[in-house]
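We just call them A, B, C, D and E in the order they show up, numbering each chain from 1.
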Amino acid sequence: MSRALTFHIGAIIVLAVLQFILPVYHSGNLARIMVLAVYAMGYNVMFGYTGLLSLGHAMFFAVGMYGAGLSIRLFDMAAAPAFGIGIIASILFSLGVGLLALRTIGVAFMIVTLMFSQAIYLLILYFNPLTRGDEGFVIPQAVRQVAGFDLSDPTTRYFAALLLFAIALLGMVWLVRSRTGRVLVAIRENEERARMLGYDSWAHKLFAVVLSGTMAGAAGAAYGLLFGSVGASFAEVPFSILPLLYVLLGGPGTVIGPFVGTLFMFYLRDISSSFTDAHLLVAGIVLVLLTMYARRGIMGVVRERWAKWLP
Amino acid sequence: MEFGPHLILAILEGLVQASVLTLTALGLSLVFGVMRVVNVAHGEFFMLGAVFAYGVANSIGGAPVVGFVAALIVAPLLVGVLAAAADWLILRRLDHDPERTIVATIGMLYVIQQITLMTYGPDAHPVTPPFNQRIAIPWFEFTDKGLEFYFPWGLSTTSYKLFVVAAAIVAGLGVWLLMARSRLGLILRATQLDRETALAFGIPVQRVYALTFGFGAALAALGAVLVVPIQQAHYLMGGDPLLLSFIVVIIGGLGSLRGTVLAAILIGMSNGIISVFFSPTLAKILATLLVAMVLVYRPQGLFGKKPA
Amino acid sequence: MKPEKRDNVIASRRKVLKGMAAIGAASTMPGLVPFAQAATDQPIRIGFQVHRTGIGAAYGRWYERTTNAVAKYINDNGGINGRPVEIIAEDDGTDPKRGAEVVEKFATQHKADIAFGTLFSHVVIGSAPRAGELKIPYFVVSEGHHVASGMLNRWTLQPGITDVKSQVQAMAPFVAANLGKKVTMIFPDFAFGHDHRDYFSAAIEKQGGNVIAKIAIPPTETSFTKYFAKIPRDTEVLYHVMVGPSVLTFVKEMGEFFGPSRPEIFGFIDSLEAVDLKTPGLEFLEGTYFWEGNPRYAQKNQTEYDRFYRAAVGVDDNGASIDDPRDVSTYAHMWGCWETLNVVKAGMEAANYRGPGDRAALIEAVEAMTDMAEGRDHPQGAKIFNGRTHQVFGHQYISRVNGGRLEVVHRTSIEDTFYPDEVDYTKMSF
Amino acid sequence: MMLEVRHISAGYGKVQVLHDLSLGVKAGEILCLLGRNGAGKTTLLKTIMGLVRARSGEILLEGVPLNDLPAYKVPRQGVGYIPQGRRLFAELTVAENLQVGLMTRGQGDEVLEHVLTMFPRLRERMDQRAETLSGGEQQMLATARALCLRPRVLLLDEPTEGLQPSMIAMIRAAVVELRAQGVAIILVEQRVEAVLEVADRVIFIENGRNALEATPDDLRANESLVHRYVGV
Amino acid sequence: MAAVILLSTRGLSRHFGGLRAVENVDFDLPEGEIRALIGPNGAGKTTFVSMLCGRIPASNGQITFAGRDVTRMPAHKRVQMGIAYTFQITSIFDALSVRENVELSVQRCLGADRGQLAAASDALLERVGLLDRAEQVAADMAYGHQRLLEIAMGLGQRPRLLILDEPTQGLSDGEIADFIRLIREVARDTTVLLIEHNIDVVMALAQKITVMNFGAIIAEGTPEEIHANEVVQAAYLGG
């Protein structure tokens, strides 16, 4: 087993053990952080590995969340198939977005994703008889059961979040070492060159968008099922900025970085909120400083200085 | 309301919106054109303009017109200086790299918004308009006696709204004169066309950038000062102008001032007119999707010319 | 007379601030507050979910002021079961995501006894599931119909403020009888507005009237004249309700639109909450009507309780802050915080509440409540609580603008606000 | 020496293009730089202009260091630059392009007049956009624009590239006239023959280093030199 | 063997706005040959080979490779068919190590088996003399070494046709000698199309030379024929 694999499996084991050690408040937070980290990891597939900067990732999260939530609300589905519908919806939707948005590059790509995301947000508001618009809706506790496990139970929830997180994390370790993962990095570094090495850069970028969108959608569906509420605020522009912030802070193009970034930002806000309301000020300053002085993020620096083997 | 007066009213309202939007979008367009960067904090500079206008008008007191005129001068100036400083301290150090600039300006957006909340507070505050007479507009109908004029219910505007339109036209002309006729305009255009050659001819490009960034922000602030007597200054008011300016700049063709003005009028007017016929939320959805599709299929904008 | 009163209030306000700061340490400062007979001297910890930032911030500021005032009031009167009340405020950013996190934080980190105070309905809906799972009583002050609709859970209650459905339906008889039967409605295009649309349409039809146009305005809209143009010519009554930072623009443009010839206008004070009626451009409102949850202006027949409550929160006879007469309060809503905490106090005392272990008993005690008498604890008026739906019902006020002040012209009966139960939370398990 | 380059090293990012390169040019002298593509000639001119930062070494204009100045101040000292590919402000008119040159050192209309007498064709095209000019006219404009700042030193980067012979002759005449006026000129060229006609001295550059200095007569006498360093 | 035509173009043209960068070019390249393409700056050489490998689409005309019409085929498919291209301006993956660069070029043929990849890349690096720099970040290397890496990446694709755009630019004399040796070796099983300014290199390698000027082919022949050709001399010296 390689060092990289050992490290990431170790991280998952540590997280599993933490559930039994941490006070309930922090293990609750950690469950949330793991789900959000899957969202950020998905973002990292596009931004960190493939070099595609999206400003509208909340749309994927929301499609997953509403895909699952509406199946329950409108069609009385059970949690597991609803989760499946959320994922299928994310795959189809990200495929559509990819096919259109990838016709553009750079700043235009950023704005196209932003606009699509805004359209999704407005659609949720527009179809308020179905979605209950801005208020959103509750997924009743009774429905949130999978194979006899009650997802609203803190321990079950923690391990459900951990399961999703572990799949995503190990999947990423596998991906970045695979042929495809290396081509994604090649596209980020020099798309023209990658194309002239015979790689279909369009297909690879489309794959990155679909994978990224699906991971975000899975995170969204899981979030709804684990925490019981579905709302339009998950489709708003600021929620698209979060994964960017998480990934930039944690280290773009590193597997564990998005988790580290999510953890840091979450606690930065949580701790700062006890003495100031200005957590957005903190987030803003962090964003500016990161772009100015630390483009590699925390794990990027760790990799550069101490652990070159980190994927 | 009958169709005719309704349309006239929608057009009048659209004009006011288009006027403010033109100024705001011109600022964004100028910054994009000259510097090739997208300023996501543009809406916050708009908001700052409104908040400063409230601050100035409020601290001066006296007749509303005095406070308003002072705000008209001071607020854009202050905002411009702030923005130029932000460019100098932050964006310059990023080499104005387009993608990093976007991320940094997102950060600036949060910082500005939060500081405003902490100092100015969460409430919306109005600025008293210097004058505000209601002007009823007559309409006609054909009766047995021939053409007759009457004043339909609700068909009106106010003197201040007309002033906003006039002021925006004057300011727009001013920007055009500045760009087309002045030395400074020449410097801006030369920098826009070829940054390196401009540098080789003694143009201090970094300072020009700071100036442009400041000027762009000041234009947004000017739009905001004009609009606060109609709307109020509120710390979250920057979102819509940003999104609309984005739409306008993209439809008009990135960096093209003429396209920007055309698109601002189109979007401002249609915003008023479409909502006569459709659900306004639906209209917004369509507008957003239109922008995305324009970028996908016609990246040079509707009015932009095709790159060679 | 007045100046002295003012001085008093300022003095007491100072005491509030000092008191608030000191409450944590109150038990170690004997003599300051008489918490003599308490079984434990630990304070009752009230997690206060407050909109300090985001679109709800203007409301949140006044909710916080009222909450601090009621905490002082309770503490000055011996606390709850002899224990002082401590308010632990956390900003939720008017954001459902953060709202849920804040409730978790109250339950597991701050070890708060209850969570309390939320206004915006999407935050309530985002937070309530977590409150239910964490089994922490969640007292909301949001006037949304989501509690009584059965969407939430047994741990979520709204015992301090009447919900929108009640408010709206109670208005219809007055509107139909006094203003007209052909109504055009203007409302924000989101859930709150849709509640107005649906419940008022139904109620006015019962009165023989009808809604001839429903004009929805998208959230974040900043210019409104184009929507007014859709008001049909034969409208007898314009019914308006608007929220958000643009409310003043909304009302001003309404005035500019109608000019000298307006229909009857009936609005929810939400459209003018925290806005000074004397703002230039609002003169046209003279003679129009407003629903008020609690009359902003001290009325001629002001009750002793309202006088007391006003002074405690620091609001003058015009509904503005005593410190700054231009700072108009959200008077029609914020009293909900005052009354809710008093209900909590009554519930805790009835349940002989000692700590988190008695949370279910607290819920049951509140569910058992029915009549709440007008008094210092309930300055807005008497209430009837429905334990099955977790929703309280109370009097509603209709005021007319007269000389730039709102004068109450009608006070509905509590029965006017009743509607059939849609849920029975007491049948749900804890 | 009017302009002196001493032990300059420079490059882009992590790639170093110039290695310890030195040269000088006197007033009233034409110095030609020859070398293969990618040898570093254009980079050298850009480094003199401050557009590429020198990592070590000095650039002196009449003994005063230039390389500490921000790039925009270099032309203000009287260094004119005609970049490769002309780099006109395509959407500006001829007049505006010239105006940019005049602004650099605050020159007035008499300088413009003088420049226009050298290139009378431009006078007829003053309100035309630069991108609509023919190739030769564009090169005239690029030259005229640089002359508008009344340079003491003029840097020309492949001015005859893609031009027809009559135009080349005209550019050459202008360069010779400037030499007569005492301007120090550095000319980068590919066409050896063009070089031999006007150069006072020739320096070959190879891989960013000085390779050889020679006079035109040396080169005429020894064609293999040209062959070796230019590769034709 | 020389009779099999690997690549040919008919009427191939490319216009940029009004500029005719390449105009009506008919070109045949037999399998196994080393062909040099020379001509002054701006003659259209790079545009021409860019159309061959699909980096830019042709405005007009036809390209046939290994018997198939590839005119409309996307670049990556042509590369998969065996056309490898090395860029005129060094184009490598700056932030990756030298080995990763080469691995990317060989993994398309080999798949992602780590051991095989490493072996194949090391062999290639050995061949171009960069093995001792395998762990270095590509952008940190000297320009000459980057050019060699570029060539290694071209070879890593095991092409049938290797297009080299000014490969010796920036190389020292010693490196050029190594390069010539390398290409001779490669040419045993690969057809080579070489854009080159260094006449020594051209003379040393090319079996035939094609000369372009103003977007058209003005001469084609053996090195000796071209050396003697007055038209070519005129084009170069600009008479």
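Throughout what follows, contacts are C-beta pairs under 8 Å (C-beta built on N, C-alpha and C of every residue); 3 or more make two chains touch, one makes a residue touch a chain.
As the structure is a computational prediction, the values presented were derived from the model and not from experiment.
A.B. asks: Shared touching chains for chain B and chain C?
C.D. replies: Common contact partners of chain B and chain C, which must touch each of the two, are A.
A.B. asks: How short can a path of touching chains from chain A to chain C be, counted in steps?
C.D. replies: 1
A.B. asks: Would you identify the chain whose Cα-based centre sits farthest away from the centre of chain A?
C.D. replies: D
A.B. asks: Please identify which chain has its centre, taken as the mean of its CA atoms, farthest from the centre of chain B.
C.D. replies: Comparing chain centres, E lies farthest from chain B.
A.B. asks: Determine the centre-to-centre distance between chain A and chain E, using the mean Cα coordinates as centres, and give it in whole Å.
C.D. replies: Distance between chain centres, rounded to whole Å: 43 Å.
A.B. asks: Compute the distance, rounded to whole Å, between the mean C-alpha positions of chain C and chain D.
C.D. replies: Those two chain centres are 77 Å apart.
A.B. asks: Could you give the separation in Å between the centres of chain A and chain D, each centre being the mean of its C-alpha atoms?
C.D. replies: Computed value for the inter-centroid distance: 54 Å.
A.B. asks: Could you pull out the residues of chain A that touch at least 2 other chains?
C.D. replies: 125, 277, 280
A.B. asks: Please output the residue numbers of chain B that touch at least 2 other chains, ranges allowed.
C.D. replies: 114, 117, 239, 279, 281, 284
A.B. asks: Which positions in chain D are in touch with at least two other chains?
C.D. replies: None at all.
A.B. asks: By the document's touch rule, what are all the touching chain pairs in this structure?
C.D. replies: Touch list across chains, by label: A-B, A-C, A-E, B-C, B-D, D-E.
A.B. asks: Can you list the residues on chain C that touch chain A in the complex?
C.D. replies: Going through chain C, the ones touching chain A are 52-53, 90-91, 93, 95-97, 100-101, 104-105, 107-109, 121-122, 125-130, 132-133, 144, 146, 151-153, 189-192, 194, 218-219.
A.B. asks: So in the complex, the part of chain D that touches chain B is made up of which residues?
C.D. replies: Counting only chain D, the residues touching chain B are 49-51, 70-76, 81, 83, 87-92, 96, 99-101, 103-105, 145, 149.
A.B. asks: Show which residues of chain E lie in contact with chain A when the two form their complex.
C.D. replies: 53, 55, 74-77, 79-80, 84-85, 87, 91-96, 100, 103-105, 107-108, 111-112, 153, 157
A.B. asks: For a test of understanding, state which residues of chain A touch chain E in their complex under the given definition.
C.D. replies: For this pair, the touching residues of chain A are 177-179, 182-183, 185-186, 189-190, 192-201.
A.B. asks: Using the touch rule from the top, collect the residues of chain B that touch chain A in their complex.
C.D. replies: Touch list, chain B to chain A: 38, 90, 93-94, 98-100, 102-104, 106-115, 117-118, 239, 243, 246, 250, 279, 281-282, 284-285, 288-289, 291-293, 295-297, 299.
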